[in-house]
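First chain A sits with chain B, and in the next complex the same chain sits with chain C.
Up next, the complex of A and B:
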């Protein structure tokens, strides 16, 4: 789940969005070069410490990890079985560090600022046919519609449970896809109605 | 001010609208009709979201066929489901979306966001993720996103359908206070109180076009 922005005036809130996104990309890459479970655990702890240092409560850190806790536990379990406890610790700590760092950025950066940054970053690629405005809009729509898609899945699951079809994958996926596609049409109309011009963008 | 001349339209599965010629100049116009009567397509013709297969539609003197972008600046559109309309993750970002599309300078964007949020008492919710707002707040947010762009007319497609009684009353009060021309598709007959004119659609044709009392009586006779 994409963490919502929390207003604040900490050093991380004040940092430039481009700097934060570049730092996240560098840290994300760097974490995959580290092979020491102890060092990785220390970095995960550092990522956690950055929350209070940025004026964010530790509950916000927990909220970043909760949605993927089950999947993360499964990954760690498989790694423990395949590669041993040290590998499991390395992979688990890396996952925690990555999630916390990504959460720190989204919690301290307005989505619109991230989108504007992405749009600027994509501009040099325009000569290769990449449309920066469309790329930026796609990012905002993804952030906006993650919870709506989750709600569609929950609604369909509830409706199918009433019919005794809660374990039928097709009965869950087909109506979900149809409703999502219908929503897509309406959203496309709404974007057009509000004057979006992909040649100009919004920033 | 809208003018439709001999408008017919279909989506490839039989006619949706047939032979519509009408001028819309009144400040408050209601659109009624059963499901599938063509009223929502009619509403989408007014700001060029749908361009007719035959005939012409113009808004404030501009053709929706040749000047659709300019028409959409003049004619705001509010959808039935605000979740389809609100495209940005937070309220203030969503209002900014339409304003930036107009090419306004950042100071003007900020000033209009502040004005609209304060006017409709939503300033406290400015940074909240939109999906955490109530249904009534979302519908109001969708309307504000359009009003901030200061269109000359607003077309609404069943805006009260998903609202509870309190939020329905609030939305209608907001609409009643607008200076702009308002054209509202609805099944909510009471919402048309105080309107100047009501159009009734039936099977793609204009069945009635009269003052609200008369048009609503004919609509009731049609559906009962």
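Up next, the complex of A and C:
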């Protein structure tokens, strides 16, 4: 698919997705307990160093920061006036460290592996009445539906362009949603025809 | 929960992603752009109800966390979720749930303004209530300043609540068996 995964064989690529996610959760919490700007800057530099150490180019690190660059710059600027340069450095470095660490995991883990991990994470929820097989079905269906709904959007926009309505939000969304809903009936019938039992969540 | 319910939950997760593909709506006076994506949150609550709508958006957030670039502007991955605006995204499932819950409590002949109030409270109030404190912690800004910053999006969000109301009515008319 169109995920930003970068193939490789580094230690980070080989690590289990669940381990990586737990490590990120721990690091994300830890970064908010540190109040020293110097230590935070060192940690941000360490996060950056992990890119070449995982066989990823530094451009990949820059790409992780770009989507949040404008908002981040604004926050640092406001902090420089409100909280002083030390706070601005702390907040800026923390943001960079956080984004780089999260980016490392996104770049070194296949989306399918991440989804499989999510499915496994659902399993212990069975005792609370959550059916893991249904969760797994919903996850894989959504992944299939994304390109299909994108195609419906493109078709509807093309049709409305003829009528001069391609920028009318109602003329685009209403037919898209109705077409997509009609599709769900067929898909649900097809799934049940293949023996999926919604009560048990098995097939 | 039937197979149809599961399929609809998956569909609205995908629809929320597809709404991120819509051309941003220009707000000429304010110079801001609003994306259609948060329509997905309010629509899921309004059309699927609290439980299915909330699960649809939970699924959407899980797919973003898994690395799919489904957020408006092609963003995705754990970085965006942990960044300054992550709270606004984590709030999606709860916002869809609250929207659906509030709308279900209105009588069928309640005025259109009550419906709009439910959409604003669920679809905007809940998102801001989680997003602003998150922004305040990540950016180390006083809560008040974070709130003022978020207000830039309020006009666009209010327009989206009205649009959601119009879409939900049109869809219900064409497809009553939701």
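We adopt the following convention: the second predicted complex is superposed on the first by the 123 of 203 C-alpha atoms of A that agree within 3 Å, B and C clash if a C-alpha of one lies under 4 Å from a C-alpha of the other, contacts with A are read in each partner's own complex, and residues count from 1 in each chain.
FYI, a residue touches a chain if its C-beta (ideal position, glycine included) is under 8 Å from a C-beta of that chain, and two chains touch if they have at least 3 such contacts.
These numbers were taken from a predicted model, which means no experiment stands behind them.
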item	value
First (chain B), second (chain C), both or neither touched by A:193	first
First (chain B), second (chain C), both or neither touched by A:111	both
First (chain B), second (chain C), both or neither touched by A:165	neither
Touched partner set for A:80, first chain B, second chain C, both or neither	neither
Touching partner for A:143 - first (chain B), second (chain C), both, neither	both
Partner chain in contact with A:7 - chain B first, chain C second, else both or neither	first
Partner chain(s) touched by A:98 [first = chain B, second = chain C, both, neither]	second
Touching partner for A:28 - first (chain B), second (chain C), both, neither	second
Partner chain in contact with A:15 - chain B first, chain C second, else both or neither	neither
Chain B or chain C, by number of chain A residues touched	C
On chain A, positions contacted by chain B and by chain C	2, 4-5, 111, 137, 141, 143-144, 148, 183, 187, 191-192, 196
Chain A contact footprint on chain B (complex, rising order)	44, 47, 49, 69, 72-73, 76-77, 79, 81, 83-90, 93, 96-98, 100-103, 127-131, 145-146, 149
Residue numbers on chain A that touch chain C, as the complex places them	1-5, 24, 28, 32, 64, 67-68, 71-72, 75, 78-79, 82-83, 87, 90-91, 94-95, 98-100, 102-103, 105-106, 109, 111, 114-115, 118, 134, 137-139, 141-146, 148-150, 152-153, 167, 169-170, 172-174, 176-178, 180-185, 187-188, 191-192, 196, 198
Contact set on chain A toward chain B in their complex	2, 4-7, 110-112, 137, 140-141, 143-144, 147-148, 151, 183, 186-187, 189-197, 200, 202-203
Contact set on chain C toward chain A in their complex	1-11, 13-15, 17-19, 21-23, 25, 36, 39, 43, 47, 55, 59-60, 62-63, 65-70, 73, 75-85, 137-142, 145, 163, 166-167, 170-171, 174-175, 178
